[in-house]
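Below are two complexes that have chain A in common, paired first with chain B and then with chain C.
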Partner chain A sequence: MNLGTRKLLDRSFTALGIGSIIIMGLALLVVLVPIVSNGIGALVFRETVEHRKLLLSEFHRGDAGDLEKELVISNGYRQKAFDILAAFDRELEQMEPERQEVYRESYEQVRTALRVLLGPLPGEELPELTRFRYGQTRWDKAEEKLHDLLYEQKWDYSNPDVIAKPNDVSRASIFAGTSLVRLFPYVEENIDRMMMPQWTIYWGFITDSSLDSHFFGGIWPEIQGTIFLAIGAMIFAFPLGVIAAIYFTEYAREGFLNSLLRSANSTLAGVPSIVFGLFGLAFFINTLHVSESKSVLAGSLTLAIMILPTIIRAAEEAILSVPKTYKEASLGLGSTKWNTIMTVILPAALPGILTGGVISLGRAAGETAPIIFTAAVSVGTAIGLGDVLSSPTPALSWNIYNLASEHEAAAQIRHVQYGMVLSLVMIVLLLNLSAVILRARISKKLKG
Partner chain B sequence: MANALEATERKQNDKSTARDIYLPPERKKVSGGGAPHVSAKNFSIYYGEFEAVKKVNADILSKYVTAIIGPSGCGKSTFLRAINRMNDLIPNCHTTGALMFDGDDVYGKFTDEVLLRKKIGMVFQKPNPFPKSIFDNIAYGPRLHGIKDRKTLDALVEKSLRKAALWDEVSDRLDKNALGLSGGQQQRLCVARTLAVEPEILLLDEPTSALDPKATAKIEDLIQELRGSYTIMIVTHNMQQASRVSDYTMFFYEGVLIEHAPTAQLFTRPKDQMTEDYITGRFS
Partner chain C sequence: MKKYGSICSLLLVMTLCWAGSAEAAKAIVIDGSTTVGPIAKSFASYFMKKYQTPVTVSESGSGNGAKSLINGSCDIADMSRSMKPQEIAAAKAKGINPVASVVALDGLAMVVHPSNPVRNLTESQIADIYSGKIINWRQVGGASFPIVVIQRESNSGTQETFKELVMKGRQVVNSAETQASNGSVKNRVSQTRGAIGFIGLGYTDSLVKKVSVNGVTPSAATVNNHTYMLARELFMYTNGRPAGMVGRFVDLPKTLDGKRIIKELGFISKY
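Entry: the complex of A and B
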């Protein structure tokens, strides 16, 4: 190959490499930006007076006196809206039955929209579910609901040849000529005085339990469950993995059995995680009966089996990368094999072993499939440390899936879902970052 | 320059002058030494089927310095490493015949190889300090063997470093990482580390091959210092070094011990033609 071609090839490969790195970075950006921006929305948002009411009565947080003052003002504005409703109630009663029929359905919709926006209307019973006891707690949601109050969505079926399109019809036009028509401009005008939005950082999103299946409150039980499961998995997998790696590298004799075990270990690393989940259910719960049903213990054991091959591999690599001369030096000084391993080989291999461990910890925190059948429940309270042997726990990974696919009102609580995703990403990222720092610090210490 | 060139030319022409450069210095007798410390009887070492060292018979005399020379792959390192059973680390390596240390069979059924290595210390080709502080490097062996008392350790570390002629250079930074030392200092540290275990025999496996001439000279001086206190065996590629530092020299060729004689005799009046050819540079 002549010089010109070689240089050309070199240059085109450089360009190719840079190009692929840029594409990778862009893809990462496309994934991370919505996660971060929407996830932060769960923590930092404009809260309405309803949110402060909720925090005080459900979590006993906030100042009762201040809230009382706010409520006086807010209720003053709300009362006028309720007065308009009452006036229309009386007007409706005096109408002829045919005209009543015309308005009844639309009027019910108006009442519902107002209830969703502001909470239960005067004279109504307190609803069973917490989600119906309060109006909108977030200003961005309140604005959406205001739109629902002002406009009725009608589907346009007039042209049978095209797919029907939704069409916003102003409710004021529907109620034209009645006393209710005043309601719409009034609420639109005074909504911020009724809701009193203000910017807040809701730390409770991280530290509170959820209320009424994630409608309100935070995700602490999920975070705690994730931590329990990941650490539990490490407690089982890390010592076992390191011991197995020491055996493979220092004690096992090269032979058929040994290579069989090694390839089995590699195969195990490639098994899909759902298989581990089913295995965990069949083995730990149904066969060994480590717990009555799902529990943190069973989940940890399943995750441990899943990350074990990775830990063994990482530890093996780390031990093998310790210079042979260290071992020779130690043995040459009259050290026993065991002492050599403990005082020379393991300390030198520590950065690699720990890195493998922390990365496995991150993987255990993020996996969903192994805990579906063994540990996770969709909604629950934070469990105490004493309950890990018998109680299941909510966990971030599983609840993200659950909120997206099975929650009855998933669209209402997207911010919670994003918040969970961001929390999980942050936990895994922090773990990996700490692995990098740990490795660097220990390596520096070893190099002197 | 011209003189040097002339000298080289003369050396190439005249075999007898060629050996002049190896002429060993006069050596004094060592008191209390000279007894066979390690004896090999029909001792062979195999790597699997391959016989790397073939039926060696030799007595290594105590407190003297014995050099082992020979071309690459002649089995000299293998023989050295067999003495403190470092070859155990190599799978498939086994021995026949007998290797006695102080009258005990090194490869006996009941021999404790850990105890053996405590008595027969080894320094390797490449300096291999642990990634720990200088102090911890020296104290590693004594700690292993149960010395925990800080004062005893301090004294032992100083003694070992002094013996290895390193104390003056590192006494003010004992807590610094040993990997920060220069190559020559690291190698002397390794010697000191071995001495701290108070061995009877010191095995040096090409201890200067990774060092520059200045550091090499220091190691050679060190060997002279230690001669008379320890039985020393040194494997070297450098024949001048062998002639400078040793009392006895063993010449190995293809696993066979060709000649084992006092250094002065081996380098001036070798009995074997092959030894003659090797030290005059006919082959290497």
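Entry: the complex of A and C
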């Protein structure tokens, strides 16, 4: 091969390498940017006066005096809208029954839309559910609901042979000629004075408990549950995994039983996580009765079994990569086998073992399937350390799924779901980052 | 190294001791139907605020709720159907005596994509659609568009109720798509033009279009006066007649606040 061809091959390989790195970077961007940009919306958003009202009365946060002043101004503007409603109520009563019938249904829709936007209308009983006690707490949602108030989405079914298309019909045109027509331009013009939006960073999203099944409040119970489950899994799996790895590498004799055990371990690593979930339910809860119901304990044990093979593998590799000369030197100096393992081999293998451990910790934090039947619930309070043996817990991975598919108002609380996704990604990222740092530190110490 | 080890083990022992002593406030554990889920979750929030008793709710389907109750791993099983004889037998065999309390009434709404011009289906048309005899919307007076049939999983009480009330022994067509919760059926229908599905009345909103059945629109009023045929009772099952906090919880539907919560969620109070 002549020099020119070699150089060309070399260059094209470099180009290929750079190209694949760029593609990977782009893929990471495509995944991370929407997660971060959507997720951050749960923390940083324009809150309306309704949100400040909610914070003060449900979480006792904020300045009552300031809010009082704001409410006076906001209610002043709202009152005019309510006056228009009251005027139309009187007008409606005086109409002939047939005309009343024409407006009745549309008027009810207007009232509903206004209630959704501003909260309970005057003269109405305070709803029992917190979600109906307040108007829109977020400005982006308020703008959406304003659109619902101004326009009615109608589907044109006049031709039954074609699929209908939606078109927005202005509600003002439905009420043309009545006193209610004034309401729509009035609300549209004064909405920011009624809602008083301002930018805020809502740290409570991380530290508060959820209120009324995730409509308001934060996700602390989920974050805490995730951390408990991941750490619980580590407490069981890490020591077991390291001990098993020491046995495999230092004590086990090559033979039938040993190769059986090794292949069992490899097989375990390939088992789908839902199988572990069902196994956890059948074994830990229904057979062993480690707890009366689902619990953090049962979930941690299930997750521990799931991550055990990875930990064993990583620890084995780490121990095998310790130079043989270390061991020979130690034994040559008259040390016992056990002493050699504890003082020479394990410390040298520690960075590798820890990396494997922390990567498994990240996996345990992110898994959904093993905890569905063993630990996770959709609603629950933040549990104390004392309850981990008996209580189930909400957890991020499961609640993301729950909010995405099962929740009765999934479309209205997307921001909570996005916020949860961002938190979970952040937790896993932080865990992996700490693994890198830990590893670097220990390696430095060993070399030093 | 040794020092760290002993500190760690000391901490572990301390935590375990603490864990043993702090079991005073026992949580009420609820499992079961996704249809009853919204009621159970709202009751849970209300209950935690009023009595400071922790309540946890999982939504894994009526069948799983029944299994949890039989295995003694939940206090209350939410169910959108009544327990089957074999489930009751299994419970009895394990020394559990399942007692039903009615939570609310619920209509089963047939939903289609909002762009679908079809307004009404008869009971036999629905059965024909689900058994695969009718495959195009044109056959029931709509646009020429293939029907995407969506059903629930076998674990679902909603599915059992639907089979009992509509299918009456006929098989659901194999090509039917299966979704695991009311929410995901609603999602799927709202995104698929030719889709038809059934969900609890409490789950309906403007994303999907409710079709009337035999000319009757599904609503709180028509379910309440028994003119709408696809209606059922929702239950909470407990082991024996419940006492204490669990008893208070299953009696919530009879209280004034409980009735208001049920109504606000779009269900129909029975009491």
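Throughout what follows, the second predicted complex is superposed on the first by the 424 of 448 C-alpha atoms of A that agree within 3 Å, B and C clash if a C-alpha of one lies under 4 Å from a C-alpha of the other, contacts with A are read in each partner's own complex, and residues count from 1 in each chain.
Everything that follows uses one rule, which is that a contact is a pair of C-beta atoms (placed from the backbone, for glycine too) under 8 Å apart; a residue touches a chain by one contact, two chains touch by 3 or more.
A quick note: this is a predicted structure, and the numbers were derived from the prediction, not measured.
Superposition of the two structures on chain A shows chain C fitting alongside chain B with no clash. In the superposed model, the angle subtended at the C-alpha centre of chain A by the C-alpha centres of chain B and chain C comes to 130 degrees, rounded to the nearest 10. In the superposition on chain A, no contact is made by A:30 with either chain B or chain C. By the touch criterion defined above, A:64 lies against neither chain B nor chain C after alignment on the C-alpha atoms of chain A. With both structures placed on the common chain, the touch criterion links A:385 to chain C but leaves chain B unconnected. Of the two partner chains placed around the shared chain by superposition, chain B is the only one that A:331 touches, whereas chain C remains out of contact. Once the two structures are overlaid, the count of chain A residues touched is higher for C than for its counterpart among chain B and chain C.
In the superposition on chain A, A:72 makes contact with neither chain B nor chain C.
Within the superposed three-chain model, A:3 lies out of touch with both chain B and chain C [touch as defined at top]. In the superposition on chain A, A:446 makes contact with chain B only, while chain C stays out of contact range.
When the two complexes are laid on top of each other via chain A, the two nearest Cα atoms from chain B and chain C are 15 angstrom apart.
Interface of chain A with chain B (complex): residues 253-254, 323, 325-336, 339, 343-344, 347-348, 446-448. Here chain B touches chain A in the complex through residues 84, 86, 89, 91, 114-119, 121-122, 124, 126, 128-131, 140-141, 144-145, 176-180, 190, 193-194, 197, going by the rule given at the top. Only residues 127-130, 132, 153, 155, 157, 159-166, 211-213, 235, 285-286, 292-294, 372-373, 376-381, 383-394, 402, 405-411 of chain A touch chain C when the two sit together in their complex. For chain C in complex with chain A, the touching residues are 12, 15, 18-19, 21-23, 26-27, 29, 34, 37-38, 40-42, 44-46, 48, 54-60, 68, 71-75, 114-117, 119, 141-145, 180-184, 187, 193, 202-203, 205-207, 209, 257, 260-261, 264-265.
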